[in-house]
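Read through the structures below before going on.
Each of the next two complexes has chain A plus one other chain: chain B in the first, chain C in the second.
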Partner chain A sequence: MDWTALSLSLQLASATMLVLLPIGVWAGRKLAWSRFRGKALVEALLALPLVLPPTVLGFYLLVAMGGATPLGRWYESLFGHQLTFSFQGLLVASLIFNLPFAVQPMQRAFEAIAPEVREAALCCGMSRLRLLRRVELPLAWPGVLSAMVLVFAHTLGEFGVVLMVGGGIPGKTRTIAIAIYDRVQAFDTAGAGIMSATLLLISMLAIGLSYLVTAPGGFRRHD
Partner chain B sequence: MDFSDFLRGCALAASLALGFAAPARADAPVIACAADLKFALEEIAAAFREDTGCEVNLVLGSSGNLYRQIVQGAPFRMFLSADERFVSDLADAGKTVDRGDLYAVGRIAILVPHGSPLKADGRLSDLAAALADGRLRKFAIANPEHAPYGKRAEEALRHAGLWEKIKGKLVLGENVSQAAQFAVSGGTQGGMIAYSLALAPPVARLGRYALIPDSWHAPLRQRMVLLKGADETTRAFYRYMQQPAARAVMKRYGFVLPAER
Partner chain C sequence: MTDPVTGLRATIRQVVPIPLDADLSCGPGEVLALVGPSGSGKSTLLRCIAGLHTPMEGRIECDGRTWFDAGSGANLSTARRRIGMVFQHYALFPHLSALENVLEGMDDPDGAGSRERGRELLRKVHLDGLEMRKPHQLSGGQQQRVAVARALAREPHALLLDEPFSAVDRSTREKLYGELAELRRELKMPVILVTHDLEEAVMLADRVSILSRGKTLQTGPPLQVMERPATVEVARLVGLRNVFEGRVLSHHRDRGTTVVEWNGRRLDVRLQEGFPAGARVAWSLPASGVLLMPRDRNAGGILDNIVEGTVGKMVTLGNRVRVPVRVHGATEALLTTTVPRHLAESYALAEGKTLSLRLRGGQIHLMPPDDGPHGPAGDSRSIA
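Moving on, here comes the complex of A and B:
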């Protein structure tokens, strides 16, 4: 069992989740209630990572974040190391390919809130922030939770992008999914088996949790 | 469970995951090594740790792939290539400390898993017969485009006049270690891999091997080099590779070693 790789994967998944939580809530609300020009285009672009082959995303990120581009050079001058082959580079890749998993379930959840409820709250003089905290999030939280669970599980399992952008460096970019691949190549079937079973268990728990939360009456308070 | 429980749960999960033991060896220098060194170098790195108390992290891959990652700025401190051409290209590009040293000459071998209808025959006459009578369905080599051992396997198969016939049956490993894994996994009838991997116990117990005559392919001259920014631990490891202890391990894995300096 490669604990370093598991720990790295959990850190990457948590960081992705924490960064995407506010972005997802903001974008989900915006897309649920606002009408603006180009909304369909934005929605389509947000869904793109769902169908894009991970190696395609990996290739573009590798080119875009490399030392030869303005973005790559700007990052390097700011932080003193390159974005590719680093944890931060993985995080950037992870944020991009997880966007639809974060935004779409939240958008559906916010869409399901009746406009009358929000209007009533606003009429009573509730501030926007208080409205979000006391009315919208409590109603939409199953969607928010399942979005976060999906993001977490999806990050743990991502392989193609991580291999291309990260290069599989121990303690920096070798995630658990890459470690399994490496163990098989190294004739360590037992090690690969244990790590695969661990990921299988985590994935099953995650999917189980998100179904439990979104199922009607499945996870509600009985009162 | 309501919304505030959910928030508390989120905070707990996040703090658990973030507080999870930080990577222990994240600061050890990372050394890029050709996949044929898989078992030999792990042994040498373990001996190096015993002797000096210093740790190095090994990243294995095909030399071509590692070369590309170094060009693109991967934070490796030292590169042990299976083909010295990659090292001289890096030196020309100004990525290295110097032009490095030859550390070994490799050989290739045909590897046949137990139970395969193929014979381990270094002159490949049984491979030719198996191609003709249909015993051979799949054969593993490393990808000749970026793996030196794959390139040499291709040259040997061309020399034996089998390349055109076997091309459609090849399974390409991303590096020679994966090719070896394919060769003994049961999905193929065999493969052509690094002699050093065929000699390693985890591979050797899964099949039989025979050396390919080294006149059938260009030599596998393996060169190592310190990359720009190499620290003291990496330099010590570089010197360690040239010491008798490390040379003895390399010899045991079937490498031909350059003369003592």
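Moving on, here comes the complex of A and C:
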């Protein structure tokens, strides 16, 4: 059992989830309620990581973040190490390929809130912040929660992008999914089996938890 | 009428997305009903006042404060207009209890005494004991009461009611009418009620404003608007079926009558000198002003006009019968009257039967002939 890889994966998944939470809420609300030019294009671009082969996405990210690009050079001048093959690089890649998993369920959840309910809140004199805290998030939270669970589980299991951008450096960018692959390459089926079972368990727990809180008849605050 | 400083005043004009051309005023404690068929723009007008829709042109003022002025660009946000709004489907916060819904309507929901005030408001709308219920655990009528309490929680400067009775059954509606009538005696702010139901407006409002295609056609006390519509379009909208065209012959101040030529005969009507002799006019008569001729033929009063006609296809509406009568004359005009069922039976009314009618001239109201820009009067849908 590669504890370092498991811990790295859990850190990456948690960080991705935390960073995407506000971004997803912001983008989900925006896409749910605003009409603007190019909205369809934005939605299509957001969905792109869903259909793009992970290695392709990883390749472009690797090129975009590498030392030869302005982004890569700028990052290196700022932090003294390159963005690719680092945890930070993994996080950036992870944020990008997880965007649709975060934004889409949240967008659906915000779309499901009746427009009059939000208008009623404005008529009550609520500030934007109070509206978000007291009305929008409580009503959309099953969607927000399932988005977070999806992001978490998806990050734990991501292989292609992580390998391309991170290179699978032990203790630095080798996540548990890559560790499993390495174990299998080394004919250590037992080791791969234990780690796979661990991932399976974590994923089942996450999905189970989200079903428990969002499914009808489960624990739901507005019942 | 509205004092220049207090109350609500709105002038709203726009061309798209739906045309609006409205002038309204509503004094403190007054209930103004905006009445019109669906699609007449009445809800959009209310949304303009609430700041949920921004019109192209106009000005909205309340209690001396400008909420919107297209000229200067002033446009206060909904949250800052201090309105109480009751939505057609109430728009309660589904995840909050009745009490919490009311609390969210207050400026300081967490403040000291807020909960007590919330309970008091719910008591006022007869919901004591149901404070902790979620909206889906309440009946339609109870949800409407929560919405009213929430709207009042802000101590609004204007109360806006958007078809608040349309989503409940008839018996609940009757009960809610009574409650609103009772509640409104305590209300000090202008109340604007949007409804498509003229009867409801007559019951609840001090004044009604008749709307069609976004335009306020006539505003006044309900009975005045119904019995003395300003135009043929308003007459049609308030459900007057007997609207015809004629010509003024003469005025007789001594007798208090105006003589109108209609369908080859002379009608004595209430003196209305606004139209010169010789002028073409439209005239209307409520169904209540068309009476069956008593068997004693000499009983007609001074302003009674006796006409003969043939009964058309009758429609029974509960214990009343609607009787169309094709009046004999040059143009075969169709008059409509409503009589109690027992009377229809005792007169043995039947299709094809010839009948004498009294048209009560005192109730005949003259209007300009309908050749305005709105097309034939038959276009307007009735709201009555």
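Convention: the second predicted complex is superposed on the first by the 218 of 223 C-alpha atoms of A that agree within 3 Å, B and C clash if a C-alpha of one lies under 4 Å from a C-alpha of the other, contacts with A are read in each partner's own complex, and residues count from 1 in each chain.
Just so it is clear, a residue touches a chain if its C-beta (ideal position, glycine included) is under 8 Å from a C-beta of that chain, and two chains touch if they have at least 3 such contacts.
Since the model is a prediction, treat every value here as computed from it, not as a measurement.
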item: Which superposed partner A:138 touches (first chain B, second chain C, both, neither); value: both
item: Touching partner for A:120 - first (chain B), second (chain C), both, neither; value: second
item: A:47 touches, of chain B and chain C: first, second, both or neither?; value: neither
item: First, second, both or neither for A:8, with chain B first and chain C second; value: first
item: Which superposed partner A:187 touches (first chain B, second chain C, both, neither); value: first
item: First (chain B), second (chain C), both or neither touched by A:172; value: first
item: Partner chain in contact with A:96 - chain B first, chain C second, else both or neither; value: neither
item: Which superposed partner A:84 touches (first chain B, second chain C, both, neither); value: first
item: Dominant contact partner of chain A by residue count, chain C or chain B; value: B
item: Those residues of chain A which chain B touches in one complex and chain C touches in the other; value: 138, 221
item: Touch list for chain A against partner chain B, complex; value: 3-4, 7-8, 10-11, 13-15, 17-18, 21, 62, 66-67, 81-82, 84-86, 137-138, 141, 144-145, 148, 167-172, 182, 184-188, 219, 221
item: Interface residues, chain A side, partner chain C - complex; value: 114, 116-117, 119-127, 134-135, 138-139, 221-223
item: Residue ranges of chain B touching chain A (in the complex, touch as defined); value: 1-3, 6, 10, 13-14, 17-18, 20-26, 28, 30, 35, 38, 57-61, 69, 72-75, 175, 177-178, 180-181, 202-203
item: Touching residues (chain side chain C, partner chain A) in the complex; value: 50-52, 77-80, 82-85, 87, 89, 91-96, 104-105, 107, 134, 150-151, 153-154
